[in-house]
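Each structure below appears as structure tokens.
You will see subunit A twice below: alongside subunit B first, and alongside subunit C after that.
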Partner chain A sequence: MLNYILRRIGVSIMILFGSSFLVYNLAAYASDPLAELRLSTDDGARQQIIALTRDLQLDVPPPIRYFLWLKGVLGLFVGNLNLGMTREASSVQEELAYAIPVTIRLVLVATITALLLGLALGIISALRQYSRFDYGMTFLAFLLYSLPIFWVAVLLKEFMAIQFNNFLSEPNIPIKWMFIFSIFTGIFWSSLFGGERKRFWSVFAGAFATNFVILWAIDLTNWYLNPGLGPILIAFLSIGIAFGVTAISTGLSNSTAKKAALTMAGLAVVWYYPAQWIFNNFGSYLTILIMISLIVLTGIGLSRVFSKIDHGPIARTAIITGLMSGILILVDRIMQSWAEYSATDAVNGRPVPTYGQRKDQLVTTDFWINNLDIIMHLILPTLALILISLAGWIRYSRGALLEVLNQDYIRTARAKGLNERVVITRHAFRNMMLPLSSLFVGEFVGLVGGAVITERVFGWQGMGTLGIKAINSYDLNLLMGVNLLLSILVISGNLIADLVYSALDPRIRLGK
Partner chain B sequence: MKLFGRKEKATGEILAGGENAIANKEVEGLSQGQIVRRRFFRHRAAVIALVALSSIILFVLTSLDTKIGPIRIPGWWKWTVEDIPELRFEDCPGGTTGCPTLSLNPTGDFGMGNHPFGQDDIGRDYFALVMNGARRSLMIMFVIGAVSGFIGVVVGSISGFYGKRVDAVLMRLVDFIQTVPTIIIAAVIGKAAGRVGPFFLALFLGILGWTGLARLVRAQFLSLREMEFVDAARVAGASNIRIAFKHILPNAVGQIIVSVTLIMAGAILTETALSYLGFGVVAPDVSLGLLISQYESSFTTRPWLFWWPGFFIISIALCVNFIGDGLRDAFDPRQRRRITKKDRLQAKLQIKAGE
Partner chain C sequence: MKFTRSAKFALAAAASAALAVSLLTPAQAATRSTIVIHDTNSLTSFNSSTPDTNLTINSKVGNLSGIGFYYINDKKNVVRNTTFGDFKIVKNNATDFRIQYTVNKGLVWSDGTPINAVDLLLTHVLSSNTYSKAAGLGDPDSDNVPAFNSNGYGGTYNDNIVGQPVLSADKMSVTLQFKQKIANWDLYGPGPAPVHTLVLLAEGKNGLQSVKDNEAARDRFLAAYNSKNTAVLKAMGKVWSEAYNITEVNDKTNPLLFVGNGGFLVDSAVTKSSVTLKVNPKYNSGPKLSGTIDTVIFKFISDGTAAAQALANGELDVYSGQPTADAVAALKKLSNVNLIGGINACYEHWDTRVGNAPGQPDYNGIFKGHGGKGADLRRAFLLSIPREEINEKLIKPINPNAPILGSTFIAPGFEGYERLVANNGSGYYVGSQEALNAKAARLLKKHYPSASPSNPVKVNVLVPGNNPRRAAEFALAKANALKVGFDLVGDVQASWSPKIQLSTYDAQFFAYCPSAVTQAGSNANFQIGGGNNRNGISLPNLDAILNKLQLPMDNRTYISTIIQAERIIHQEGLTSGVFLHPAVTAVNKNLKGIKPSPLSDDVVWNWWEWSY
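What follows is the complex of A and B.
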């Protein structure tokens, strides 16, 4: 195994060397960094040409200049990495160090959300093959496949940011929109549950009415001006979560797990007011981390208290319930900062931004307002990326689950008399995740490339913006920096995908 | 709440057995091509997409003048990209200019009018611009599909057929090309290619886009060359080239066609994205992505400048994707006919009769 990994790394370095040599020369010959200056008749231009030629060693022919650049890169191994200078005489690695976290933040959130959502939709779609929901999802996936991301991004900016901000200045949901929105929600839920005509209409009526009432209440109380969930809503939602998680995780017939999950939900509600105090006084990432570990410990403790045997599934159920309720409380806390955030001078009543990754004018030391600012800037670009990559996940997971459900071991599991929940979650789900695990890395890497356009539309200062800047200003060193990083990402991504696949699936042996 | 529909699965499985028999009877005595054609035309969405795409292509190609060398075929649309007619002021919302004259109101002034998609800043007819852009995008899509398809099939079949050292070398080449970030290299080339025109841009993009297809064809060849019919052909004295092209390739053709349609759908998005960033087709030439990027900021006041190019990108990509899906189903030998309501009813009756 180690042998295989070492060999792969060796080959990868060769490939990296070749591809960077190719890109370097291609870019060097395809563009002339001095073209604009040469046309200029200004006296200063001549000076600049001489200075740039000296600084960027432009008098050396590109194939040889590449090795000068490579020498700087190989300095990495002696602790002296040097990716060269940009045209503005700043260091390339400093520019990259600033841009990488920005892109990672954007892409990581989008990939994970798209994965979870796409998995859920794809699985339901496969379980209800050839149903209305399935056809709807297939069409949705194809539609999302065909959308150009810059087009979606511009639409999002217009409708989710500009129009929504206008709406917030005069908040009033017209009855017409309540109707239309509720009808869509009704169609979604009733096609999700499926069944005969009677059931379809009863689910539709229920979802329609609930949605309509919620919208009405939101409109009457002007909830979006001062949002929050409050302890009562959190209590209801937590109990719902407890039942839902138990149903999928262990089945509702497991009364011990149900008790543990419900206790966990109860603890979360009791914990609501102390949590407020802690959040207000000690708001930091460390506090959140401590709370998460507390939830995990409580879950394990509960499983010991309620049962003498089989702690694993019970603890799992309790912990997932606790974490989800905890997220509710966290969301509630962040929402409480909304009004204050919205009223600050920097935001000035237009809380959904269309541009940039932070509000530079926002001066506050408040942990929650700072985070709300980050979240608000993340929302639209993330949404655009999610919409684009969601299609793939719906199709992959649907296809993978259908493939697995046709296998003999599923028939065997059913023939043994296992109930459908166990067949799906244990036998089918785990096997379906095998091919998907290798796709995750690829999707992540692909999205980093896709983020180029998103960053440009939303004005984020990430890798993509750097790359575009490099190409536009014929900045070879900067371009090579971005290119090198993306190439390393692709190569290591492929390697990790293969390793994960072989680690999960014992049938696959690498290096043979 | 019924989370996992067990009961329906059970009837489904009963159906599947009988259904295979039905399916086998259906295809008895038909050639491969006939079976595929039949299956494809049963896929309603794919057929609709095929009709829609053909009409879009016809519409786009005939609307403007076509120049092939010295020959000039006139189009049916009155304006060209170079014309600068007068800007329309009357009846436009909110004091804007050049609003569209397209009207779908059957009782009123139904028809295209003078400028169905409106006019741009200086008065150029937007319909002509969009048609020209769609033409560029279609051309680029087909060129990329053809180039990537050709290279992918050739490299993949050689790699899979010969295996061993040839395979290792070619697959490293695939790794090599995949390592170069497409958008960066395409942008570098696009920036330079802006001078040589969209055809060469398409050619370059095609040269970068074949790696996935090559892997797929290789995998097909690796498994097919171990089949008995290949041995039989070899014993009968067939040459390597004859085995590869006459015996193995026809068996892989389904997957290849599907994969090429997916490449084409992706290609139109790549081209528009590059043009949007300013690295693809550049002004004064027209492309759909370029149009969107030029009029992005006027979305609030003159939304038609934004909607129409987007509409054409999405409809072309959507049609190609659906055709690909139809082809995948048509070529997939494991594909079962979908269970309709009628089948379900019949199965229930059969079960009842059995009881």
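What follows is the complex of A and C.
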């Protein structure tokens, strides 16, 4: 095994060397950093040509200049990495160090959300194979597959930002849209639940009515000008969460778990008012972290109180319930800052931005307003990325689960009388994750590579933007910095994917 | 503790009603005091005068935070800023030309220090190779970086200055001596710089000092300048070259870096995102601020569509760029925006080869040599470029008023342009394309009797790559030239500018983008030994005419001189201008006073006129 890894690393280094040499020379011969200056009739152009030639060693032929660059890279091993300077005289390392966190902030949430949502939809789709829901999801997946992201981004900006902001200046939902939206919601939920025609219509009616009433209430109270969930809604939602989580985690027949989850939901609602006071006075990431730890501890405590044996599943159920209710309270608190945020001079009544990472002119020390600002800037690019990558996950997970469900061990599990929940969560789900695991690794490597188009369209100064800038401004050192980092990530990502796969699946052996 | 549902509902309704009322009344009516300006590139430094940081966005920020003896308006005219001071010629003969620059009394830097002529001396340090060498600051022409890593060395100022500027006894004026009266001499004068801040920064001070200390620091600079004190000047040079290369500015940044005499001074900056400038309460060096604007923000957005949507969403107040026809159509639809069409200073033109560029192998192509066959074929070739069609199809959808260029020396709209175009021989290239084609075919047949669309004469053309508009331009030219009997063989090169000089190409087309207006700006393109003469043009009679442009002259003489020069150029078929690159500026409907200029400071040159 160790032998195998060492051999792979050795080969990787050769590949890195070869590819960087090739890219360096191709890029150096294809571009001329002095192009614009040569044509300039400016007085300063002469001095600029002298300075750039000196700083970037343009008088050295590229194949030799490559080794000067390589010397800087190999400086890594003596603790003196030097990737050279950009044309604008900043250090390439610094540019990369700035860009990587930006990219991760942008792509992390989107990737995780798309993954979870895609898995969930794919699994339900597979369990209801050839149902209305399945066809619906297949349609949705192929629709999303075929959308170019720059176009999605433009549409999102037009409707979710520009038009929505216009709407907020004169908020009024037309009855027609309430109907259309409610019908859509009704169809979604009734397809999700499936069943006979009677059940379909009853679910449809329920979902339609609920949605219509909610929209009507929202419109009547101008909720979107001063949004919030409030303790009542949080209580209802928390109880729903408690039931839902228990059903999936342990099954509703486990009454101890159900009691623990419901108690947790109750505690979350009781905690609502003290939490407001704490949030208002001590708003910080540390506070949130402490609250999360409290929830975990309470969950473990509840499992001890309610049961003497088998604490694990009960604690798990209670903790997940608690965390989800906690998220509701957090969302509620962030929503409470909406009106104040919207009224600031920087926002000027148009809270959904189309561009950038922050509103730089927003000067406030308020933790919640600052976070709301970050969230508002994340919403559209995240949504665009989710829409694009959701399709893949729906298809992959549907296919993987269907494959597993046809295996003999699933039939065995059913034959020995296990209930369907256990068959799915314990036997089918774990095995379907095997082929997906290597996809995850690839996806997370892609995280750092950056979403080139999304970053550019939404003005995030991450890795993708950096790469484009390097190409457009003929900035060889910058281009090589981006290229080197991505090559290393891709090569090591592939290695890790292989290792993870063999670790998860004992049937697979590496090295031969 | 808990509210009932209806209580909560009632509360929510009441709260939102109250909020709605408060939102509807004053906030909307209040006048905005912030203006957000878009720029394609991110700021890299607050000193735009080093070779590495010479970007337009850097100089735009500098434009707002400092003002000197003159500015250039949207008509490309030099306008004197007499609030700051004035300058006059004090001696004027063939070998001795002196100008005296005088700063008005009572002007202050933003830290309260009075401005005087000592603040003008830094320009000499930044522009004179002689001074840099004499003071031990390094030779700017050598491989070593000079102490002041300035972009200004080796230019017109350096080539013509005699000695050092002389400071008057009251320290309110300096006198510069030049070898001769140079054209556009008013562009090469000194600009004010708060030298005391450089001294204080070099001494490691942090934070603004008292006026007394500042004046003492300025005296230390003057002493070092006069005695060429290498140590002091080198320390200042290090600050000048390096300390301003920051992109993040907040409360902790040393305020000494941002002392200026402009209307708006840097307040904060976020790396790769924006720069915020706030009004300078002590500003008295230029025209009075007319509006209520107290904050100017530059927001960096590289993507054109994204910027247009940000404008539609009210995140930007001013957008400018070189957009496509589609983008212009989209901008026109926005209801909250005024569209100001325009041009920038870049002019597209087709050049033909006469001989080889210096250091290149001999040129033996069809256009070889002045006069006779070469000139006939060059004219025929330029006649076969369908300028009208190119302009109609590629430029007019963006800028409906785009003219076809009749001169490559000055742009339409410049004083005397009409007289120039009527007399400079450009009329030869104007007419219906059928007539021009017929004229071209006659010239071509004279030397290649068998030339025809089915048996065309090959012309090797360098085509700049990575540019859809140029690809379309070449396709149109190729189609029409074939009708005449030329077969344009395009060589598409992504890295094209160093290849212009290669003798393999008979013709090239690209754009020059002058960033300042100088009389002799086009000389380098046509003179023997000129830096941009890559086609082997060698016409002593043309050189003699162009040399006159080195000296100042009134507009009438200037136009008459260009007429003489361009007659030769057009007769020889050396170059033909096609169109000015279009530009577009879109501004928030409520914002007044934005007048885009074709030069690189585009929208910011008249910041004192902005208002809501």
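The working rule: the second predicted complex is superposed on the first by the 498 of 512 C-alpha atoms of A that agree within 3 Å, B and C clash if a C-alpha of one lies under 4 Å from a C-alpha of the other, contacts with A are read in each partner's own complex, and residues count from 1 in each chain.
FYI, a residue touches a chain if its C-beta (ideal position, glycine included) is under 8 Å from a C-beta of that chain, and two chains touch if they have at least 3 such contacts.
Not measured: the values here are computed from a predicted model.
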Comparing the two partners subunit B and subunit C, which touches a greater set of residues in subunit A: C
Which superposed partner A:196 touches (first subunit B, second subunit C, both, neither): neither
First, second, both or neither for A:358, with subunit B first and subunit C second: second
Contacts of A:221 with subunit B and subunit C, given as first, second, both or neither: second
Touching partner for A:408 - first (subunit B), second (subunit C), both, neither: neither
Which of subunit B and subunit C A:50 touches, first, second, both or neither: second
Common interface residues of subunit A - those touching subunit B in one complex and subunit C in the other: 30-31, 150, 154, 158, 162, 456, 468
Touch list for subunit A against partner subunit B, complex: 11, 15-16, 18-19, 22-23, 26-27, 30-31, 127-128, 130, 139, 142-143, 145-151, 154, 158, 162, 193-195, 247-248, 420-421, 423-424, 449, 452-453, 456, 467-468, 471-472, 479, 482-483, 486-487, 490-491, 494
In the complex with subunit C, residue positions of subunit A that touch it: 30-32, 34-36, 38-44, 46-48, 50-52, 54-55, 87-90, 98, 150, 154, 157-158, 161-162, 165, 217, 220-223, 225-226, 228, 230-232, 273, 339, 342-343, 345, 348-350, 352-358, 360-361, 456-459, 461, 465, 468-469, 474
In the complex with subunit A, residue positions of subunit C that touch it: 1-3, 5, 8-9, 12-13, 15-17, 19-20, 23, 27-28, 32, 34, 42, 44-45, 49-55, 140-141, 143, 145, 149-157, 245, 268, 270-274, 276, 295, 297, 299-303, 305-307, 309-310, 312-315, 494-498, 510, 512-516, 521-522, 524, 532
Subunit B - residues contacting subunit A, complex: 1-6, 45, 172, 175-176, 178-185, 187-189, 191-192, 265, 269, 272-273, 276-279, 289, 292-293, 296, 299-300, 306, 310, 313-314, 317-318, 321-322, 325, 338-339
